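Below are two complexes that have subunit A in common, paired first with subunit B and then with subunit C.
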Partner chain A sequence: MVTPDRHQLGAVAPRVIRLAGGAGLVALAITIVLALVDGDATRFFRSYLVALLFVLTIPLGGLFFTIVQHLTRAGWSVALRRLMEGLAANLQWLWILFIPILVLVISGRADGLFPWLDHAHHDHALEHKAPYLNAGFWIVRAILFFGIWAFLSRFFFRNSVAQDASGDVRYTHAMQRLAPVAMIMYALTQTFAAFDWAMSLSPHWFSTIFGVYFFAGTCCAFFSSLILLVFFLQRQGKLENEVTLEHYQDVGKLLFGFGVAFWGYIGFSQFMLIWYANIPEETTWWIARTQGPWRTFTWLLFIGHFCIPFVVLITKHTKRHRIVIAGIAVYMLVMHALDMYWLVMPLIPDALHHATSLQALGNEIESDPAMVGFTPHLMDVTCLLGLLGLLVAGTAYQLRRCSLIPVRDPRLSESLAFENM
Partner chain B sequence: MTTLPIDNTIEDPLHRPPLVLNHDNFTSVTEEICHVNESPKPPMAWYVTLGIAGALAGMLGVLIMYLIVTGVGVWGNQNPVMWGFPIVNFVFWVGIGHAGTLISAILFLFRQRWRTAINRFAEAMTIFAVICAGMFPGIHIGRVWVAYWLFPIPNQMDMWPQFRSPLLWDVFAVGTYFTVSLLFWYVGMIPDLATLRDRASNRIKAIAYGFFSLGWRGSTRHWHRYERAYLLLAALATPLVLSVHSVVSFDFAVAQLPGWHTTIFPPYFVAGAIFGGFAMVMTLAIPARELWGLKNFITMRHLENMNKIILLTGSIVGYAYAMEFFIAWYSAAPYEGFAFINRASGQHWWAYAIMITCNVVAPQLFWSKRLRTNLWVMFVVVMMVNIGMWFERFVIVLSLEQDFLPSSWAYFKPTWVDLGMLAGSFGLFLTLFLLFIRYLPVIAIAEVKAIMPEANPHPHGHGAGHGPDHGVGDTEVDA
Partner chain C sequence: MSAAPTTAPARTRRTVTPDSTRLWGLMAEFDSPEAIFTAAERTRDAGYRWWDCCTPFPVHGLDKAMGIKPTILPILVFFAGATGVVIGILLQWFTNGTSFDVWALVWVRGYDYIISGKPMSSVPAWAPVIFELMVLFAALTTVGLMLLLNGLPRLYHPTLKSARFARATNDRFFLVVEARDPRFSLAKTEAFLNDLNPLSLERLEA
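So, the complex of A and B:
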């Protein structure tokens, strides 16, 4: 079947791959230079982990939302589904970016990043957790997570693209059949990935809601990215008739509902319950984030990631204005990057053990912000931009040959005719 | 209405299945739904259940009097289980109460057109369940005659409630929620009340329905205002549902007690409320559609959809149980670990086993389409979920049983008053619900009509995009 030009990336794909990929590599090269000058490997890897989690959350959200479409037999979203699948398809190669961290763990020099790898100091709690938190099992889990994500994203992408050619509804049935199992696999892998790669950075600390908090972040990352992807494609003259303001408004609602309101709700739950009960084992993580320089950062997240977008996105007018919603999407991606930074960077200070009061601890941290991991560096930005460039290039690569909409999906006409009001 | 000629559970991506069966015009829809209210005599089963439910409700009244006259010692509450059945019942009912509006408002925001058959049910259920829920803390305070002290009312003694207590937040949260739910239910019912008014066969009905339909004439302007108000109430109700059940979870989670204090409680309680609520909607809908012949509206597809949601939310609840267990071990906190092992293997292990069997294992039957479209199987499963969700709260509350002071450990035993009040609360709930079925429009007549293909005529018949599930002219949130 011949699809018109505006359904294909065509010449745009190689251009994006060259530009974004090239810019990404340059940014990564700068990062490496900066890291070598800085000379602190652990510091570099913290920065790298922030960037990696940031670029992972975008396709993870895409995979989640693709599965949701099949679970609910959604009609409105079909015109956008290929783009979701294309973003998710990056999970087939993102494991490559995980290799540096894997190598670091295997080489046994990751105890600066993951303190549970440090066996030199006797620590009762960490010994208790060793059956879960040990290098071998951690690596097996990471391989399992990436394997499952690659399989799922490939399955949905492949079947959907195959349907473009034949129009056979069997593909729809196949995807709908796997969707519930896929959702369970997704929920478990994403939760434990969040535990392994973010929560275990402070290995004594624990929170049952942590996986859900990370999930809320993936929603924010993905819906913002989807809006930007559509916006970019329409600027290039693609999908101009197929994706309408109605779709923008709906994705905007989802960004509002899950990326802003749900994120705020989960974040608040995690904070309030720990703050209120005030149990020493749990408050450490929050003390690191509410004393000294991270205090301002935490407030910035609360206001910037929740309060401001809540007010801005509540009206339909912002969601139905292409440029405005694209601007909000960029803003939310920045906020999400700050969120990942805030999740990874802060360190629970050793001074906590001898501090006589919170006030005293706060003063001590103010005089030496590095003790709570507050060491902003240019490479944080360059590393993030580098990996983001690769993700953009990767997305263009995934979508380079297929149609940009599932042209023969049985529910496409519903999506094209869909109206909010 | 014996057998359905159309099987609308068949999955065909090319066509949206019909959601209203055997009707091709609006008049017959009105006739069939209004028949529930207008038939001279309700089915015999209605009298029988109302008799039993009314008797139980009466017993509840007597027991409350006994409690007030004697004191809260008539309950099995002891030290350290200061909260026994009353809080279990409160959370159980308030969970069911939260589900109704959640079902109605969230399915509305997600443009699920099949909601129109069950939303009125679900909303009514909410109101009655919140009434049952609110009663328990109300009579638990000891001096019922000063119950108004729950509210921060300025007084000459300068006495204020403890603002830092989640129990006070509950007063506000549940109060607000009840108010908005009542408005949501009532506003949605106005056009249907007007229908009953217009069809009233005697003066009393005409005056009663006429009074509550607020002069509805069905003009375009009325509809416009109505749709706006409904949308706003749905958008308001949704975050309220989340906030209310989260606040209920705070009752436990802000404490330092192992088994109560865990950060996943707020979303876990919300998921549990949807889970239990859908089960209760099914419990009411399955017999009601049989007795009143509503199978053309509450079709097998509706039941199947609800069963799927029960499977989904049951899985979320299962996820929360698993997280609690995993983190209890991972935390390396001995008390946390003890609390969970004790739940599963301690003196109330059987309650835990019931909870897991009913909430996690039983819904797994719904993976099979044959089982989830079988009325008997689904009825058994939803009954199990009802039981399981009550026991979930029982298990959580009984974390109190073995506190930090082993000398005070004892076996919690409910008294006959505890059991009588639990049964009585079901009686009250069912009495209200049976009266609702008889005297108010049980299915949203106007909304059901809007999802029929006839509501959306297309002279040229172009495109499959105008099927019943998603089409042009959806009512939908724009906020």
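So, the complex of A and C:
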């Protein structure tokens, strides 16, 4: 029997909350100073939206994967499930970070960020979309999304922790009963959140696969974070016997499968259909990302987010080496941040309307990268680190009192004895 | 056959009988996963190479106890997938992007043709075919080489002659050592297997 303090964060929790939370607040303070010096509110909010989507994807992936465990009655993953639930539990407070954007929309100054809010000039296409894309409905949806996420993450976390005390199998049954409905609710909310908060930045453009693309990024963020969380805990002397290389290998497989291969597959599917059909109203989004400075960025993502990790993660040896897989997880988180940046930042240039050829457009963009929104700024980094710091502190806060594994889950012994080969 | 031959001369005599020239191997029977596990470890440590365990269900860790090396199949599959990628590129480049003649049993000519206003060699359009050929090559290689490396399909096996062996799919665990093993000697191997305390020990004909 392992001593219980190896199942508890104990003294680690307040230390992490102080350090990560403090560093996050400092980084946010620096961001605000940088934004005030910069003076462009829309520019700041674009940066903030990148950071917010980045920190949202991690717990969203945790919620998705927690539901999957109950949906499939998985045994192998039980030793890791509390950490998934703990990451997902952040969805109970992450709505606080959404308030600035909400306030911006309510105050009516968000048309720089979400052009569909601008009623000043007549736009036929947007008028047709107005029944969906209007401030009131958008706000209601945002509240609905966060409400559902908070409810689901709280439900799975609470029931799981309650089972630690009583060992009652009814908690398992309750969670398994809700899992199918929860999965449908998750799929709908996550898809439409991606439409609302990322796709509607270019409101003329549309892609039905967009929500799936966002989901692939969510998986990349979550599995990387889970690996890092386990790695950190084992460095602190926690869960050393419970989480084995077998679990690392399986999470590594999922990172490879969903975060790398699936991400590349969906990203390319989105590109290829639009590229092949070559319909003007669809190509705009990709022209902004394949001409001028974003072209290099797109290639960087393709090679860095897909090609390199595909080759590195394909073998079991990298997935079964704690330090190597932790390094890969950090790398994939960086790539995911770049992916979110690439999703939010580029603007469809007005020059598109008078350009005579792609070549001419490319040259015009090169002379003024700001027209496609290519304005890298230090606050992009500080804002991301700030919110990430808060998320780390929040995760430590969620897990501060409960056991780090579901100690009385009926399938725990299966997970402890689990082997890949 | 009795579990323990009584005297050494008896065993020696049997090895020179005409029957034993067709000896395929020795089969020891056990009644629990633990027993076969220990027996496998000792057979591994004794240095035997041509031997196997037959169990009614997968015994966890038995492959390690037997000292089975990891399969080379994944490496071969990787190269098969890479071959599929190369063939996918060459096939589409030749058929859509060129116009020269190649002899492939008959003379065929590449047909450069503008489709949807795209360039002749239009890599994004090739991607689905490249991907599918990679999957096809990798999948067929996985299945085909898995069968080949396992020596399958095999319609006959010497163990099937044994009436006892029918329980290998029910509640008994068998360890067989083949006569072609360089360390195999009927007398010594029989003594070694007897030492593992099997329920029975049987000689199998080819």
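Keep in mind that, in the parts below, the second predicted complex is superposed on the first by the 418 of 421 C-alpha atoms of A that agree within 3 Å, B and C clash if a C-alpha of one lies under 4 Å from a C-alpha of the other, contacts with A are read in each partner's own complex, and residues count from 1 in each chain.
In the analysis below, a residue touches a chain if its C-beta (ideal position, glycine included) is under 8 Å from a C-beta of that chain, and two chains touch if they have at least 3 such contacts.
The structure displayed is predicted, hence computed values, not measured ones.
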Checklist entry - When the two structures are laid over each other on subunit A, do subunit B and subunit C clash or fit? => result clash
Item to check | Touched partner set for A:122, first subunit B, second subunit C, both or neither | outcome: neither
Next on the checklist: With both complexes overlaid on chain A, does A:413 touch subunit B (first), subunit C (second), both or neither?
Outcome noted: first
Checklist entry - Which of the two partners, first being subunit B and second being subunit C, lies in contact with A:314: first, second, both, or neither? => result both
Item to check | More subunit A residues in contact - subunit B or subunit C | outcome: B
Checklist entry - Looking at the overlay, what does A:354 touch: subunit B (first), subunit C (second), both, or neither? => result neither
Next on the checklist: Looking at A:274, would you say it contacts subunit B, subunit C, both, or neither? Reply first, second, both or neither.
Outcome noted: first
Item to check | subunit C collision site on subunit B, chosen from 153-161, 261-269 or 405-413, when both complexes are overlaid on chain A | outcome: 153-161
Checklist entry - What residues on subunit A does subunit C touch that subunit B touches too? => result 272, 276, 278, 314-315, 417, 419, 421
Checklist entry - Contact residues on subunit A for subunit B in the complex? => result 73-76, 124-125, 128-129, 132, 169, 172-173, 176, 180, 184, 187, 191, 204, 206-212, 249, 253, 261, 265-266, 269-270, 272-274, 276-279, 281, 314-316, 410-411, 413-421
Checklist entry - For subunit C, which residues count as touching subunit A in their complex? => result 60-61, 63, 70, 74, 78, 116-118, 124-125, 127-128
Next on the checklist: Help me check something: in the complex, which residues belonging to subunit B touch subunit A?
Outcome noted: 11-14, 16, 111, 239, 242, 246, 250, 253-256, 261-267, 311, 315, 319-320, 323-324, 327, 330-333, 367, 463-467, 469-474, 476-479
Item to check | subunit C-touching residues of subunit A, taken from the complex the two chains share | outcome: 268, 271-272, 275-276, 278, 314-315, 417, 419, 421
